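This structure is in structure tokens; I'll ask about it shortly.
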Amino acid sequence: MSLWPVLEDEEMSPASRAVLDDIRRTRNTDFVNNFWRVLANDPALLKRTWESLKDVMAPGALDPLTKEMLYLAVSLANSCDYCVRSHTAAARAKGMSEAQLGELLGVVGMASETNKLAAGLQVPVDEAFLAPVSASGNAGN
Amino acid sequence: MSLWPVLEDEEMSPASRAVLDDIRRTRNTDFVNNFWRVLANDPALLKRTWESLKDVMAPGALDPLTKEMLYLAVSLANSCDYCVRSHTAAARAKGMSEAQLGELLGVVGMASETNKLAAGLQVPVDEAFLAPVSASGNAGN
Amino acid sequence: MSLWPVLEDEEMSPASRAVLDDIRRTRNTDFVNNFWRVLANDPALLKRTWESLKDVMAPGALDPLTKEMLYLAVSLANSCDYCVRSHTAAARAKGMSEAQLGELLGVVGMASETNKLAAGLQVPVDEAFLAPVSASGNAGN
Amino acid sequence: MSLWPVLEDEEMSPASRAVLDDIRRTRNTDFVNNFWRVLANDPALLKRTWESLKDVMAPGALDPLTKEMLYLAVSLANSCDYCVRSHTAAARAKGMSEAQLGELLGVVGMASETNKLAAGLQVPVDEAFLAPVSASGNAGN
Amino acid sequence: MSLWPVLEDEEMSPASRAVLDDIRRTRNTDFVNNFWRVLANDPALLKRTWESLKDVMAPGALDPLTKEMLYLAVSLANSCDYCVRSHTAAARAKGMSEAQLGELLGVVGMASETNKLAAGLQVPVDEAFLAPVSASGNAGN
Amino acid sequence: MSLWPVLEDEEMSPASRAVLDDIRRTRNTDFVNNFWRVLANDPALLKRTWESLKDVMAPGALDPLTKEMLYLAVSLANSCDYCVRSHTAAARAKGMSEAQLGELLGVVGMASETNKLAAGLQVPVDEAFLAPVSASGNAGN
């Protein structure tokens, strides 16, 4: 049982209902998963979260599958059960094979290990890694 | 200053030296970053870590740039300064643009937010996300 | 099933029983939640934990509801299911409305996002944030 | 040195410059801290982050100081140096005393301890904590 | 239900089966726990993970019980339910008493608290803690 | 620079001074490290933290070196720089060799990896790990 109830469409406020309609339109499916149905208890939180997510996950310099796999990697690093499930499903739907999932798990596991070793040993950053990135190379320019 | 000294080649044991030689061969560069030079204080730890990493990062079902970006995403999620620097450098060297880095940061930030909301609200996993993946679709088969 | 059994009053040692009596007195209720009943398997751990908690949560410069909401925010940041449940219950009992919970969740989510961005981008601390706090302004004086 | 440069106003794109202007207006100060000046390298990331933050931190069911202290508590739980500095400064500016900071630190420390004990011992959630919150009591209704 | 199925011996590939045989030989028991049976869906991930673990947990400068307790302490710090269960079982099998488990929990809890206070307060490292460890004292020499 | 100043003995309140005297007596040394000198800005926080720590680290069912290494392992898992430094120094002072530190790092790294894999793959806990521990075997009895 979630902290707030999982709302059916007819149980939520019009403001939340409008967000769910946008989720359906954007994703081109009738299915809206529980995450949004729980957030629907607070229309402002639901709307802000969805609009940011929609923006972040829109096609851009990175393709949608890569974005899903990055999302999944962070969810694994944070051990968020729900998020691992939902983003694994989304990545599979966008074409991730089980072999790719296996390699992704390998990277996440290995990064978790070397992150702790590098931070624990307090390794100084190499000069070579501090070379400036010219402003003109930045996205803002 | 790191917990163990950053060793120059001539300061390390032959066993550690041999690992650094393999790093140079594999990466096709003379440069070996500080992470390995600190691990070199413990040849067994160095060897095991390097061999796992070499295996994980080898080309496979995922291309090298995608693997680097996944590694970077986990390092960001774990707030490992050294790792963020080294894997940003590696990803840039493999072609990551600043626009792609910006989108990667957007995904990591957004995942960090929704991971906390989903876990905090204890959202129940949707039945649709629990559908079995047939064994024949797995990498092991 | 917990790692150690959830003990009924009559199953625990007199030392643990005495701590539960103090919990009942301090909280002015007969109800003692499972956290304490599991810790009761180790009277020293139970006693030290309860006494620290009682001290920390006592009214002081911050009011009890604010303290509960801070406790809840940290529990959300740490994704501790049990703690989120118990401190949500406690905060509601002390007057937290669902609208306040929604805003609290918004802050926790947003902080999780910007924490990762600030740490990941390794933003240098502004001079203005390093201005000394005079010793006389400290709680110890 | 940050991953992206700390941009002066005249170094950033018009889109980023417009966001900084809004930060100044909203906060009623000329000072814009480094976090935003680094995000300014990616105008889309800057804009989305600022607009969410502005929304989350606006006065609502919780007062601004409580929100700042919650933000600080999460930043402490996540050990984000920059965030701890900036939100301590902001909370002090909104009236947080050093005695209040001391109690906040006490709560964060104690929560970090009991979060690990509750999760580690895998304490089952008490029935009493699972009682439903009526939909009509939720913010969305 | 796990993300990948828990495989019986006869359901896995010969490569995974060979790793399970080595686990049985090394641990001198017929029982192979679910962690390995899930990893068995990806023979390469299974093999690499097992070989690293076997190497790390072999008797060395630290005795097997101490290694198990360190593993358990990290699993508690990471709030990994499965890992807490499996390493508590392993440590008990190697002789950990419930009194020792209680003290281990005390250390983990206390470390979680002071870690947050030290990092949050941004305490500068004492000169005394930075004294160099002579290279000749290192494992690599 | 820490969030609160590092206080010299003569700068702190008598209450904090008394705690430092107890630290010196208990540890049988004149040296008091910065962690306590920063906490000294808040005598109540200092006293509660020290008394809990003194209790937790006292000899018991686990010997002092094992406790220090467990403390260090958690500090590494939490990437707390100060804590890694201070507990490495303490463990070395109590006899930890560099070879033992190397193996400890190996365990922490490996646990970080398998913790993420076990949690990520959502491996179900084996029945064998859920067998009850008889109450009479618990520390509280």
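In order of appearance the chains are A, B, C, D, E and F, and numbering begins at 1 in each one.
Please note the rule applied: a residue touches a chain if its C-beta (ideal position, glycine included) is under 8 Å from a C-beta of that chain, and two chains touch if they have at least 3 such contacts.
By chain, UniProt protein names: A, B, C, D, E, F = Carboxymuconolactone decarboxylase family protein.
Here the structure is a predicted model, which means the values were calculated and not measured.
Visitor: Which chain lies the greatest distance away from chain E when centres are computed from Cα atoms alone?
Guide: D
Visitor: Same or different for chain B and chain C, when you check if over half of the residue numbers at their contact belong to both copies?
Guide: Counting shared over all numbers used gives more than one half: same.
Visitor: If you tally the C-beta contacts, which comes out ahead, B-E or C-D?
Guide: Looking at B-E and C-D side by side, C-D shows more C-beta contacts.
Visitor: Using the average of all C-alpha atoms in each chain as its centre, how far is it in Å between chain A and chain D?
Guide: Computed from C-alpha means, the inter-chain centre distance equals 20 Å.
Visitor: Approximately how many whole Å separate the CA-defined centres of chain B and chain D?
Guide: It comes to 28 Å between the two C-alpha centres.
Visitor: Note the residues in chain A that touch 2 or more other chains, in rising order.
Guide: Residues 1, 3-4, 41-42, 44-45, 48-49, 52, 55-56, 76-81, 84-85, 88, 98-99, 102, 105-106, 108-110, 112-117, 119-122, 130, 133, 138-139 of chain A each touch two or more of the other chains.
Visitor: Line, ring, star, complete or other: which describes how these chains touch one another?
Guide: Looks like everything touches everything, fully connected.
Visitor: For the complex, give me every residue of chain A touching chain C.
Guide: Residues 3-4, 41-42, 44-45, 48-49, 78-80 of chain A touch chain C in their complex.
Visitor: Across the complex, what residues on chain F touch chain C?
Guide: 1, 4-5, 7, 11-13, 15-16, 40-46, 48, 52, 55-56, 130, 132-133, 135, 138-141
Visitor: Can you name the residues of chain F that touch chain E in the complex?
Guide: Touching chain E from chain F are residues 1-4, 6, 31, 33-35, 38-39, 45, 49, 52-53, 55-57, 60-62, 66-67, 69-71, 73-78, 80-83, 85-86, 88-89, 92, 97-104, 106-126, 128-130, 133, 137-139.
Visitor: Applying the document's contact rule, which stretches of chain A touch chain F when the two form their complex?
Guide: 76-77, 79, 81, 84-85, 105, 108-110, 112-117, 119-122
Visitor: With touch defined as at the start, can you tell me which chain E residues reach chain C in the complex?
Guide: These residues of chain E touch chain C: 79, 84-85, 88, 98-99, 102, 105-106, 109.
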